[in-house]
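Note that the chains take the letters A, B, C and D in the order they are written out, and that residue 1 is the start of every chain.
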Amino acid sequence: MRADSDWGAPASYIPELARVDPAQFAISVVTADGRLHTAGNAETRFSVQSITKVFTLAIALGRSGDQLWQRVGREPSGLAFNSIIQLEQEQGRPRNPFINAGAIVTTDEVLSGRAPRDALAEIVQFIRTAAGSDDIHINEAVAASETAHGHRNFALAHFLASFDNLKNPPEMTLGTYFHHCALEMTTTQLAMAGRFLMGSPAGPGLLSTARVRRLNALMLTCGHYDGSGDFAYRVGIPGKSGVGGGILAIVPGQASIAVWSPGLNHYGNSLKGTEALAMLASRMNWSIF
Amino acid sequence: MRADSDWGAPASYIPELARVDPAQFAISVVTADGRLHTAGNAETRFSVQSITKVFTLAIALGRSGDQLWQRVGREPSGLAFNSIIQLEQEQGRPRNPFINAGAIVTTDEVLSGRAPRDALAEIVQFIRTAAGSDDIHINEAVAASETAHGHRNFALAHFLASFDNLKNPPEMTLGTYFHHCALEMTTTQLAMAGRFLMGSPAGPGLLSTARVRRLNALMLTCGHYDGSGDFAYRVGIPGKSGVGGGILAIVPGQASIAVWSPGLNHYGNSLKGTEALAMLASRMNWSIF
Amino acid sequence: MRADSDWGAPASYIPELARVDPAQFAISVVTADGRLHTAGNAETRFSVQSITKVFTLAIALGRSGDQLWQRVGREPSGLAFNSIIQLEQEQGRPRNPFINAGAIVTTDEVLSGRAPRDALAEIVQFIRTAAGSDDIHINEAVAASETAHGHRNFALAHFLASFDNLKNPPEMTLGTYFHHCALEMTTTQLAMAGRFLMGSPAGPGLLSTARVRRLNALMLTCGHYDGSGDFAYRVGIPGKSGVGGGILAIVPGQASIAVWSPGLNHYGNSLKGTEALAMLASRMNWSIF
Amino acid sequence: MRADSDWGAPASYIPELARVDPAQFAISVVTADGRLHTAGNAETRFSVQSITKVFTLAIALGRSGDQLWQRVGREPSGLAFNSIIQLEQEQGRPRNPFINAGAIVTTDEVLSGRAPRDALAEIVQFIRTAAGSDDIHINEAVAASETAHGHRNFALAHFLASFDNLKNPPEMTLGTYFHHCALEMTTTQLAMAGRFLMGSPAGPGLLSTARVRRLNALMLTCGHYDGSGDFAYRVGIPGKSGVGGGILAIVPGQASIAVWSPGLNHYGNSLKGTEALAMLASRMNWSIF
């Protein structure tokens, strides 16, 4: 991973992400025995973006249980993360909670009538507790920029509303959505926050084993948009990527891993992050299969 | 699972499958220590259909290696098993080897210039070796009926050919495809044949560990057509279903399971077979997540 | 057309349209010699809705000429009037100016930086001049209701904006759009307003003959959403329908016809209005073919 | 149209069409008074291809009447001429008789149990009678080449069969289809053959006025594939194009026009032929609008 390698290009749709230097890399691994291993810029904060969808899904399932699945499906989409095509073909029910439309629905479920600040407080507190750190914050400039450039997400939210699959006004749900996506974390904070998905005693015990397994199943089948099958094939463990270049990956019972490198591959997932995870999993003989 | 339960309806597109009594059930489990457990009609032969796609994929990868992926993808399809829509949208490259179009391509790769009988002999011998039984045969009546009613598959094959993604004449590749899908096995034979996917020393060691893991990854993300995400969520282990009502499921390192019940759910997967696997996995605490 | 006939159901998406009695009918015909013929409730005002898209297109072409076609196409859509699928597949360029997305673009072009009230004033004045009547007004309750229930149109507008195919803020363009769709006219006013599309000296001479012909061509190929081919086949003259149950139809050089009956067929076009036009065209031997 | 102009590229999918020199042009016009006007290579025979779909449709309507519309629609497709997507989405009913799938259905209807040679004899005789010339023949080399390279059409035919929308075996219907598409005519023969679509006494009176009008309506809305709206807008008269570079266009009551120039535009319609028709229609003030 020398300076002359191809690092991929960072997300370009908002200036805050576009101007990040792609030639950065960090990895943090927390093993089941509680030990932490890091390399690279592991104390640099980055925009976790879609990775928060795992945490909001955990909260939404905690609040609503299986009723949530009436509003959103559990199948891979076969299309880009922000596609609206299936939403029309399938009457406003997003395919899964990890594409944008589905995450807007889970955010809407977490919101459910409360003021956005209260829902956000719950989401942030959940992540801080999971990570064991209070030093995790929302980048307001990123949230504002997402709002200003978020026409595609506004389209998705209004489309959901046209099928009565939004309980709150689109602006309110999207405001909450843009803010939790704008959380910033270091890879170490993120790996710590993912411990509960190991399903081991080392985790904070926030969810039942059955629910943890189901979150991992969803990450495996849907966590990398239309590159999920490829990630499962090449890396072999559940993971969730964000457009900021982060990936949270879980080796059940063994490790919680966070990588970050801002350059993306053509699926919109971290290029070097994916390669690093494939290498690490292979060398450690980590695979769920 | 009493007589008054809803067993689902068997596949109806050919008489040979349509007239099977749906109120049948069998399960066979082979554990890593080589012990066999069975229940129900475990000695009844049924049409394994799409489950053979796992074996032909294993053979195709053995013959062609990663070059195969130039002709077929590794992503869930988000559409029905016999849909032709993505094939047009993605220039004749099927999304994965387990939807019909993809399995026609892997069959075409296994065929590669040989007489169909030679390719079929290799496929049947692979499965017999894996199962440790020579008493596994093709049902010619089923193969003939598939051919007679196979307009949708002929459409897929000609469509592939129109994009130069078929090396052999459509009739020849389809003849081979229809024949290996017409193999009949008992659940015990199928569970035995699946041992090599456990990746354990008890298996016949036909493939490397890395390749076994990748086959399991593909089964998990794509093995149940557009119900793959749901199966991963509810059952939590890799599996491949067939329209004859069979499912082969793998608990890596621990068990190879075959279930059979001819009634299907709306995805085209065995209704009772899926339920039985979910129950068994839960009680045995078997999950890859 | 007796009381016991099937009148179809009125549009149901806003209360103002849903509560209109479907068992109403009106027709007004203005011939090239300037004579007016009417039958039914020809002095009842109804919501013209999408029929205004013809007039806004005429204005947009007058302001921008053929540059408009960089933003919107001229092909039938093959999908419902409010579908968003092709908008994604074709990078935010609507197929034609008569589906919702296309009419939002032409409205945006008419608006082009002005205050909505100024653009609306131009649209209303154009129609009043064409009709030779100042007694044509916007129903503010309908406009407000469209805004309140317009999530699908908001989705389309934001989607257009995400592809940089909207010059004004979505709310501003949509406000203008909802208002001109909420114009109310009688069939007589509408038939009078359509005279300029006859291309005859009796018309107000607002447009060149070439442009008039092109507007008629667009009405023929795209004027009845995904029922345009059927209307051309059965009726044989250009027309533009509105979800309020009105249709403006043109016999070039001979007649401008307005019909109204609020019950719709499954394409969303007036059921009895279409039947009446087919009957009239047949009896009068009016056809462009 | 000098030597240095851009003539477009001829169809490339079979050698017989690909090797035609694109820098050729011919036009023949028959007016209602029976006079013939020609320019260019008006005695050169070219492959009329899809233009025969107009004649087979006329025959199919004569044999089956409106029952034909149960098997095929009358709406523009919004997709390429050989797309299979809508065929799956709309359960095997092609959108109109002028896209490939629809023309296979009308050919199947004309065939209806007879030997292909008998159906072909009827089609050829119909065209010869319409043209007033017996010197019109099928190019067997073109028909054979279409068969050899016709995987996309085989896919369409089998797909239709899978929905029970084919009465004859796919090979038989396609054999008939490929043969009538392989007819060769001069522009003069074609313009003569189109006279009956003028609806005037000069025509051979093969069809009723109502049916003639409906054929023209279908040509206008669907006759140029996904460029039909553009042709209606720019040229303003009904027409049907063929991939061999020919176009038959009709000015109802006034003229039957055939143009030919083998180079195609991106819709698959003759580039120079379309331009010539636009120019001619404009200069002659010919328009149906």
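One rule holds for everything that comes next: a contact is a pair of C-beta atoms (placed from the backbone, for glycine too) under 8 Å apart; a residue touches a chain by one contact, two chains touch by 3 or more.
Fair warning: this is a prediction, and the values are worked out from it, not measured in the lab.
K.L.:
Look at interface A-C and say which pair in A-B, B-D or C-D is its repeat, using the rule that over half of the contact pairs are identical by residue number.
P.N.:
Most of the A-C contacts reappear at B-D.
K.L.:
Just how far, in Å, is the C-alpha centre of chain D from the one of chain A?
P.N.:
54
K.L.:
Using mean C-alpha positions as chain centres, tell me how far chain B is from chain D in Å, no decimals.
P.N.:
Measuring from centre to centre gives 45 Å for this pair.
K.L.:
For chain C and chain D, let me know how many angstrom lie between their CA-based centres, rounded off.
P.N.:
32
K.L.:
Tell me, which residues of chain D touch at least two other chains?
P.N.:
none
K.L.:
Let me know each pair of chains that touch one another.
P.N.:
A-B, A-C, B-D, C-D
K.L.:
Mind listing the chain C positions that touch chain A in their complex?
P.N.:
83-85, 88-89, 151-152, 154-156, 158-159, 161-162, 170
K.L.:
For chain A, which residues count as touching chain B in their complex?
P.N.:
Checking each residue of chain A against chain B gives 73-79, 86, 95-96, 199, 210, 212-214, 216-218, 220-222, 226-230, 232-233, 236, 238, 252, 282, 287-289.
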